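Heads up, the next two complexes both have subunit A, just with different partners, subunit B and then subunit C.
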Partner chain A sequence: MSAPAVITGIGVAAPNGLGLRDYWAATLGGKSGIARLTHFDPSGYPAQLAGEVPGFVAEDHLPSRLIPQTDRMTRMALAAADWALADAGITPAELPSFDMGVVTASSSGGFEFGQGELRKLWSQGSQFVSAYQSFAWFYAVNSGQISIRNGMKGPSGVVVSDQAGGLDALAQARRQIRRGTPLIVTGAVDASLCPWGWVAQLSGGRMSTSAEAARAYLPFDREARGYVPGEGGAILIMEDAEAARARGARVHGRILGYGATFDPRPGSGRPPALLRAARTALADAGVDAADIDVVFADAAGEPAADRAEAEALTALFGIRGVPVTAPKTMTGRLYSGAAPLDVTAALLALRDQVIPPTVHVEPCPEYGLDLVLAQPRPAKLRTALVLARGHGGFNSALVVCGPE
Partner chain B sequence: MATAAFTLDDLKRILLQSAGAAEGVDLDGEILDTEFEVLGYESLALLETGGAIEREYGISLDDEVITDADTPRALIDAVNAHLSTAGAA
Partner chain C sequence: MPGRRVVITGMEVLAPGGVGTKNFWSLLSEGRTATRGITFFDPAPFRSRVAAEIDFDPYAHGLSPHEVRRMDRAAQLAVVAARGALADSGLETAALEPHRTGVTVGSAVGATMGLDEEYRVVSDGGRLDLVDHAYAVPHLYNHLVPSSFAAEVAWAVGAEGPSTVVSTGCTSGIDALGYALELVREGSVDVMVAGASDAPISPITMACFDAIKATTPRHDDPEHASRPFDGTRNGFVLGEGSAFFVLEEWESARRRGAHVYAELAGYATRSNAYHMTGLRPDGAEMAEAIRLALDEARLAPEAIDYVNAHGSGTKQNDRHETAAFKKSLGAHAYATPVSSIKSMVGHSLGAIGSIEIAASALAMEHHTVPPTANLTTPDPECDLDYVPLHAREQRTDAVLSVGSGFGGFQSAMVLARPERSPA
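Entry: the complex of A and B
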């Protein structure tokens, strides 16, 4: 039973482009945003590459009232929400407050803000710590700030399941629409490219320590050696299809189906559950594997996880049975922001009938994947599958299609 | 010796640095008797502003001083009362 939920607005802050237009042009052009860190001096850390969002000046987009109380991730989320609402042609002040909610995902909260306040605590004393630390670090803060700024009092919340959360938030938004709220602001923006965030990410042990931007993050490649982290993501406006039609909204695409699973305990001998998440999403969408025209892969960039994803895809579609792509090779892994950005790329791919490329990768032939490499590939596209996995065993899958 | 008075300009400077200004609010207008809530400052913004005043002037304000002062004039008067007490002590 597919839900009548549509995407009518998109706002993007990505390492290879700020704003939807720049992001999509860069993504089709194969332009990577992965480079040596500039937010802080990474000398002395084992990993030094990241995908930083270029040219985002918060003061250009937000009132000064919001600057002292927000982390970088929240500033980008607020700006992206503004762009998404504008893209959807929505003026929140003209709508009933309780008809609009906010459901975003988060993976780490506002690390850079927290680092600054911890520094003040230990170097100057507790009386120097900002009162805004009480919420600026918090997972739910992007949802809260978007809600306050736009007067949205409908059902709201945050989902925390690492990278999978980016899809889980969209699913939760769809649930709220099914329950009767006509509009939910959803998606996610994460950013923790500061020293404290960096050591926290390094402790996971899955980051690439390569210093070569074009060789550091190589999912499905024999040389896969971990991932490069990035910042940013996408904020999406999801609406009840009837409500969107009634107001004559331009629709980017429809959410057809969703599935989420949790991996069995390591060492249990049971298979990972990504395949079941994908099958669940297809069943929810009421489509067969043969109906899927392109897959946006999770693309962990770590050999065992790449193999597991490839096995799930070949089990579902057969050897080289469907075009697969990972435009996140141009951004790095954005944690909760990754999947909403992949959904964005999927919707634009459906619109333009072209699959964006996976860059820098020489695919391992044993995986049996038809990876779209180096150049965008024109194709007849009606339906796309987006996959996302979160550290600790989260698997999520989302099926989207075009406006009709 | 007179204690350096805490003025509206001092308050505006500290408000801006601690909590910024809301869209559509002109702090250079007639704001002395405008409620902080109308100016776009909620309790947390005032807590942050109070903390900055305490640090800059080396004083300690009771929480009630900040929560009870609902306009710039009330807060300025409360801070000045505190400064003159502190100066006399």
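Entry: the complex of A and C
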């Protein structure tokens, strides 16, 4: 396929590190950002742990007029987009405005903003609802605000497929590059760590209620008991490879292949579809399973979902056939922000030839996975597979490699 | 797979004024309006008290009690429309290859009604800041993340290919089809069940549009409240609805002898990078999207027989859009009929883009251009042929349908007959 897409810039807001450098240092150091919630008092709820992004002060990064009209997730997304553009060496004002687009994923929109306005509506009356409610909470807000802040008039979009959406956004960005737009800002930042968001997340019944940060989110462990949610994600600059080369850009890595599937209706007896998503991504990338040097797992943290993922991985790679890791054990699950952050970790792993660890997990041997545990593992790495699943049956897979 | 062309072989519309494509077309072709005083809740505290509501009974459309309980109204509308579109296409669920079938659902505001209702309960009427999880319904997660809509549609039609929600505000219904179109073209799937759904008529939505005076306060005369391009227009009328389509590669549709409504011949979206709700009057970015969509369809502006406008009925939109048509279509903007069905079915946010594409396909089907209802007072700033009041029979082989939305999104879709000779 012509017009391969490359990643030239990364901006990160993660629970274990604000900014790319801090995130990667924490991730290699096995430092977890999972802790008791501080955004609100969680005492009254069955789950009290989350991955909160530390030290993000929006006023330090954004003009004051943007603060009242934005949710926390949008503020972090705008800052991450700024960092990604700086990392790519791009000054948007110097490029033709129609040559730049924005394609992000979202899961729950600006939920905390929505909570505040719903409260005004029901406790004070409709006339107290903010004029910004018409756009601050909706799913398109991050793409819209990033395009406005940076003068980007090219094709933009927003996908919502729960946690899988983080990869679907990158795939849609790549389509827009193939269709002729040289630069797309992509990725996702999500956050709904407010009481209303917490109650909505709890209702899914899949969250860990453990009070012990090191024991709460244990994917592929016999003790797996659900997930810990988090906030944040990563914004990436994707460019047409030729355009990036022409401007002498430093390239983090290439997007080689993508696949997406949806699981059969529950009770149909048909096989789950994660394996097919991975196979489709490999075929799209033109590589074999043997070419994959590391897998960044979805790592649901629920026994049935962990087993399904392990079965897909052993079917594709054999028993302990490939190193598998889940650095999200240090961040919690960030909804649509998770997969762009995993892609970030994969690109940095390829750069540094080291696999970041999965922390706190004692893997269930029946799964047959070679999990990279506790310590980073140096390895010869050329190609990585990133997996993401969304509630209901969304499966997405992305293959990336280094700049060469 | 270069050269794969994508056609509509099935559709179903659930719009105010009558459920089903047939009722929808009757309303449009007769120029009737479905706007009325709000009945879903007491609208007395609101500035705008008019809406275009659907009289919709999910049980009458075969949804089970469990399905009704776990789905927001917008998801219910989506599932019923998707099933209807599949039936209309002549494809049986059993005949679909699940791996080669995908789903795209456009929605601007997801499960707004469900979230509004459930928030009211868990917060005990806004009293609690630390809302009470003991009062939360178990399916609240499906309202939190509206990809649940795509999951419900995929289950309903048996799709196991790429499935997602596309949410770009009020262009969602066009962009969802643009997204689906690309999946068929690139060969990732052979069939897409794609469309859009929104059911935003709830207190929080009325309140947020009240706050920016985007919706009309004309509640003394609700039937005539939606007045796109009219000199007395003063805001849009909120609506709800869903339209779904079966999209197929043209060759395979031909092989199975399917009825082809139209080809989705060209699509583009651009952003104004200007303001989350404001529009620059020159319409430059919408004009760019229109030009690109026409290029992709290989059609000259003169080939467009009808323009299905966004025509929301706000002061700024209708002016912006009129400028965009002139900029992109040149002199032909004055020669081609332009109309807004929002005058009849209101503005259902993300859903309306798909509903308007259905209206565009039906205009081709019936060689009849739907009117702009309530257009009685000309506006000197809106000086095109907006087909006032009465539908117009005319040869209609190519249609341009556009949308404009919060966030700055501007999208255009060109529908044409696949067997046309290229320009």
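Observations
Just so it is clear, the second predicted complex is superposed on the first by the 401 of 404 C-alpha atoms of A that agree within 3 Å, B and C clash if a C-alpha of one lies under 4 Å from a C-alpha of the other, contacts with A are read in each partner's own complex, and residues count from 1 in each chain.
Simple rule for what comes next: contacts are C-beta pairs under 8 Å (C-beta built on N, C-alpha and C of every residue); 3 or more make two chains touch, one makes a residue touch a chain.
The shown structure was predicted, so the numbers you read here are calculated from the model rather than taken from an experiment.
Contacts of A:R265 after superposition on the shared chain: subunit C is touched, whereas subunit B is not.
Within the superposed three-chain model, A:S97 lies in touch with subunit C and out of touch with subunit B [touch as defined at top]. By the touch criterion stated above, A:P376 is placed in contact with neither subunit B nor subunit C. Of the two partner chains, both subunit B and subunit C are touched by A:S134.
By the touch criterion defined above, A:Q69 reaches both subunit B and subunit C. Once the two complexes are overlaid on the shared chain, A:G337 sits clear of subunit B and of subunit C alike.
Annotation for subunit A, partner touching more residues between subunit B and subunit C: C.
In the superposition on chain A, contact of A:G257 is made with neither subunit B nor subunit C.
Common to the subunit B and subunit C interfaces on subunit A are residues 69, 127, 130-131, 134. Considering their complex, residues 16-23, 40, 44-45, 47-48, 51, 54-55 of subunit B touch subunit A. Contact residues on subunit C toward subunit A in their complex (touch as defined above): 45-46, 98-99, 102-103, 108-110, 115-116, 119-120, 122-123, 125-127, 129-133, 136-148, 150-151, 154-155, 158-169, 172, 175, 179, 182, 186, 188, 203-204, 206-212, 214, 268-277, 285, 288, 405-409.
Residues of subunit A touching subunit C in their complex: 40-41, 44-46, 69, 97-98, 101-102, 106-109, 111, 114-115, 117-127, 129-131, 133-135, 138-141, 143-145, 147-148, 150-162, 165, 168, 172, 175, 192, 195-205, 260-266, 270, 273, 276, 335, 390-394.
Residues of subunit A that touch subunit B in their complex: 63-69, 127-128, 130-132, 134.
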